[in-house]
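Each structure below is given as structure tokens.
Two complexes come next, and they have one chain in common, chain A, joined by chain B in the first and chain C in the second.
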Partner chain A sequence: MSTIPHDAPAVIDARGLNKVFRDFWGRPKVRAVQDLTLEVRSGEVFGLLGPNGSGKSTTIKMLLGLLYPTSGELRVLGGSPRDAATRERLGYMPEESYLYKYLTAQETLEFYASLGGLRSRRRRQRVDEMIELVGLASARHRRVGEFSKGMARRVGFAQALIHDPDVLLLDEPTSGLDPIGCRQVKDLILDLARRGKTILVCSHYLADMQDVCDRVAILLDGRVCAQGPVRELVRQPDTWRITLEGVDDALRDRLVAYLQEQCGRPVAVEPAGRSLESLFVDVVTRQRAASPPP
Partner chain B sequence: MNLPRLVAIVRLTLRDAVRSRVVVSLLAALLLVLVGLPLLVQSDGTPAGRLRIILEYALAAAIGLLSAATLWAGCATVAAELQDRRLFIVLAKPVHRWEIWLGKWLGIVVMDAAALAVTGLVVAALVAVIRPAGGADSQFEALLSARDTFHPDWAAAGLVRAVPAAAGDTRQFEPKSVALLPGHSLDFTFPVSATAPGGPMELRARLGSARPNRAPFASLWEFGPPGKPVSVVTSTNAPGLSMALAVPAAAWSPGGVHVRLTNPVGRDPATLVLGTGVGGVELLVPRDGFAVNLTRGLLVVFARLAFLAALGVTAGCLLSLPVAVFVSIFVLVLIASAGYVQTVAVTGMYYIPLESEAPELGWLDRVVLGVFRIMNVATAPLIRLEPVALLADGRRVAWAIVAEAGLLLGLAYSAVASLFGLWFFTRREVGRAGTE
Partner chain C sequence: MAVRPMPLFYLTRLAFTELVRQPVCLLIALASVALSTGLPLMIAHQLGQQGGLARDGALAFELTGGAILAAYAACSTLSREMHSGTILAILSRPISRETLFLAKFAAVALLVMLFTICSACAALLAERLAPRFFETDWYGVRLLLAVPVAVFVPGALLNWRRGSNVAAWGWCFLVVALVLVTAALSRVDAEGHVGRFGEFLDWRLVPAAMLVGAGLLILAAFALGLAAHLPLAPTVVLLLVLLFAGLLSGYVAHLASRWPPVATAIRTLLPDFQMFWPADDLAGDAALSWRSVGAAALYGLVYTTGVLCLGTAAFRNRQF
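Let's look at the complex of A and B:
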């Protein structure tokens, strides 16, 4: 996570955005987004959280120019997302891998690179880079239809990056990935953010969002219920977690007694541990290093 | 326009067709129709009869198959991608929607061009296989020659004249038929003046008689300069049936092909009636070879397929896949019914009245007739620009027809369909929950 200055320019600027889906007769059926105001600044990783049907995907589709706001103002990179020139600087990874199953991984990336406006030499170079980046070098000539869900997600991620966009819209980027893939994607998001890319992420995986996002907005029924920097939102006032190393049981008991006396209330104590994700990644990485796959 | 983007979409459309086995299935079906149908349909046993079956039935069926496949591919290429959301990623790239429309259309048009080329090669191969050695069958060779159609110059024959109905009326009246009494002759000339014919010509005529029965009668035909005919033929025919007579190339002169029709005085003389309108009497003059004519015919078909592809892609851009397919089937039925639509639009009757007199039309009839007349405006060119009947009859598909098909169907009709489709497609929202 990085610290984004408050005066950084707004890359995504939505004000009072509304989206109403109407039925065949033009009667309002669903109010998918209501009075949404968002500002995503340059170089920021911004998370859109919310349960199913909260309006996250609808918001992303409006940012891509696939859906049109019913009312409100929406600017992406200073222009309308319906303009092709705006989309030249946008990359999109959908929640499912909506890819052409009959194309190989390389053909898929070449196709999207062409749509991104890359010329032949740059296109070939970029395709090679992306295939390496997402770890599909050995499967580049296999058809996407034969891929596992995780591999297809990697192709989906690579196509979003293929034309080196300034803004990335990622819908559930870690969905379907194994823990190592998740870690790689999160590391990649952080790396891209360090390189100045602006990233808007939608996800159900709150731990993943907490790992990568600078700021988040929580949507419910199309409305923003909470918005702000992740650290501020999750912080509990006057509550601290202290991690101590090299402490035996006797010292721990004395410290707990002292803290309880000072605070005047019970103190929660539990053994420190690493996350299961961290353990999994370490074990698999070590195992693979010891016996690489044929 | 960004050419690499367009080429990428065209290549994708072609890859889709090839890898989803659409092309293989289509080529297999074309081969089955072109080779199998002549084996199934019984001909008169002659090589010329078999050739007619190939050109009139097998080629027409192959074109029908291609038309249906083109409409289907057009609908599916956009509607299916919207339905399974593959197009979302494409639309999120810096691509104009008209580039998607154009790329998809061009992809299908390229596929059609390849399928038509295969169709042409298969037809040419079949013709080569059944062709009698050394041009021994004159009927077969006549069908293979691309022939221009000429009608007599009735004005020069003195049959078109002013019959004023009132003072100052200067209109010219052309008779619909000419009656020829026994012992009388009628001289007329076909204005074949451009170049000498490339081979034997064919005269087709439909003669009637003034007799109340259908007893056959004789007619005497002389071809060549007046007084020095190079060919004299006596023909005996039943009234009303079409006759075909071979006319030697030597009968031609720079002034045209002169014909003298005589009603001979026999034992049972009858007054002959010769129709002078379309289908009455005509001369077919060979101009080109079969290969060139087939190529021109397939170019006309290609223009039609380009229009159908535009219709399909437009339907796919506007409608969901099932609805787009339904609309496309309706369009195919409409095209297949173009002849009926024209008959209704021209005659003003959409059913055969039981009474001898035409019934009075109600308001509903007028509305239906109005709809037919509007449809006829769109479908009439499809009848006029139909090459199969010309090819099967050994008539030349003129370059003018090819040009008209290209301009009208390939460009104008396709442009109207594309503008209509693009107007909606560029305004259409995609990604509405439950709508794709």
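Let's look at the complex of A and C:
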């Protein structure tokens, strides 16, 4: 995670945004987004969290100009998302991998690169780079209709990046990916953020979001319930976790006794371990290195 | 937002590529060609008017098959993409809705044109192959039977060797095979005697099939306008209703002639598909009047443009 200065310019600025879906007769049916106010600053990774139906995807669609707000003010890169000039600088990875199933991975990326206005040589170069980046070199000539969900997500990610956008809107980017794919996507998000891209991620995979986001907003029933830097939101006041290395059992017991005496309440002690994701990635990577697939 | 030429080209190419790669589109075309050329092999098709039933049948299959193809293609390229969400990734780019809509129409129109070429060949072959005096043209039938082999065998081989799409190659081979068979049969009679090029076919069917094709473009524009708001089944049904209403528009307007505003409204709003139905003009040996063909083409152009303008306007503010 990067540290974004508070005075960094706002790339996405939504104020009092509302979206009401109406029925056939024009009566309000669903209030998908209610009085949403958020600001995403240049170079930050911002997470929109919330359960299914909380208004995350609706918000992203409004940011892309695919849905029009019922009321409120919305600026993306200083302009309206309905302007072509604004959308030229946006990259979008939809929630599902909406791809043309009769096209190959290479054809798909070439098509999106063409729409992004890339000329032939640059287009070929970017397609090669993106295919390499998402690890689909061996499947570049296969129809995407034959791809697994994880592979299709990778193509979806590549198409969002193909024209090198300034702002990325990622809707559930790790959904359907195996742990290695998830790790790669998270590393990629962090890498893009380091290179100055602004990224808005929308997900309900909280652990993934915690790994990559600088700030988050939690949505529920279309309203923002909490918003702020991840570290501040998850921090429990007056509660600390201390990690010690090279400590034997006797020293540990003495330390625990000392801390309990000082604090006047029980101290939780548990052996430090790695995450299951980290273990899985290590095991699979080692195994693949030892016996590469044919 | 303006319609920009390069995105229009890329989107048209993509939509057309997707359409020709779908087996269903090829199957609709093959079924139409098979019915057009196969049914006249029944003896009854040459009794009465010389070749009249074979010609009418082939043109009728072109019209109905083309309408179904246009409806399927429009739904496949637009309503299914809207339903599945593929369109979201496109419209998140600097692409206007007008560009997308027109590109989809261009792709469907290209497919309908390919279908029209196949149908024109099928109409020529149908008229030629219909048995005269209870004698079957076995020479022509053998060549015709080679067409499905020429469509699927090379396609299957290419798929086996290079993983190429069978349906896309099937379209290429179908058009080439039909044109070649038609060209071959145009200078060889039923007994295998070689004559002048074009001697043994009724070439009046070419402008007739093109005329029907122009009518199909109107239907394609309607199909796309409907597909932007409806799924496949209602689109097909409404399009066929529109087709038959259009075929009857003159008659309906005549019935309503007591109320001139109603009759005028019917004539103005309903497409007059009788203008694109040349079967009556082909009865006997009369040639099709190029004047009437030109008038119908102009009418088709204006009507298609009008339908596209309405469709684009309705699509402009569509939310996804």
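Brief remarks follow.
Convention: the second predicted complex is superposed on the first by the 294 of 294 C-alpha atoms of A that agree within 3 Å, B and C clash if a C-alpha of one lies under 4 Å from a C-alpha of the other, contacts with A are read in each partner's own complex, and residues count from 1 in each chain.
Everything that follows uses one rule, which is that contacts are C-beta pairs under 8 Å (C-beta built on N, C-alpha and C of every residue); 3 or more make two chains touch, one makes a residue touch a chain.
None of the values given here were measured: they were computed from a predicted structure.
Per the definitions stated earlier, placing chain B and chain C onto a shared chain A by superposition produces a clash between them.
When the two complexes are overlaid on their common chain A, residue A:54 makes contact with neither chain B nor chain C.
Legend: residue contacts after superposition of the two complexes on their common chain; A:94 is shown touching both chain B and chain C. Applying the stated contact rule after C-alpha superposition, one finds that A:119 touches chain B and leaves chain C untouched. In the superposition on chain A, contact of A:141 is made with chain C only, not with chain B.
When the shared chain is aligned, no partner comes close enough to touch A:184: not chain B, not chain C.
Overlay on chain A, chain B versus chain C, candidates 20-28, 254-262 or 272-280: the clashing stretch is 20-28.
In the superposition on chain A, the residues of chain A contacted by chain B and by chain C overlap at 61, 64-68, 84-85, 87-88, 90, 92, 94, 96, 98-100, 102-103, 107, 111-112, 114-117, 156, 159, 169.
The part of chain A that touches chain B in the complex is made up of residues 21, 30, 32, 57-58, 61, 64-68, 84-85, 87-88, 90, 92, 94, 96, 98-100, 102-103, 107, 110-112, 114-117, 119-120, 156, 159, 163, 169. Taken together, the chain B residues at the contact with chain A in this complex read 2, 4-5, 7-9, 11-12, 15-16, 19-20, 84-86, 88-96, 429-433. The touching residues of chain A, counted against chain C in their complex, run 61, 64-68, 84-85, 87-88, 90, 92, 94-96, 98-100, 102-103, 107, 111-112, 114-117, 141-142, 156, 159, 169. Taken together, the chain C residues at the contact with chain A in this complex read 1, 6-7, 10-11, 14, 17-18, 21-22, 81, 84-96, 163, 165, 317, 319-320.
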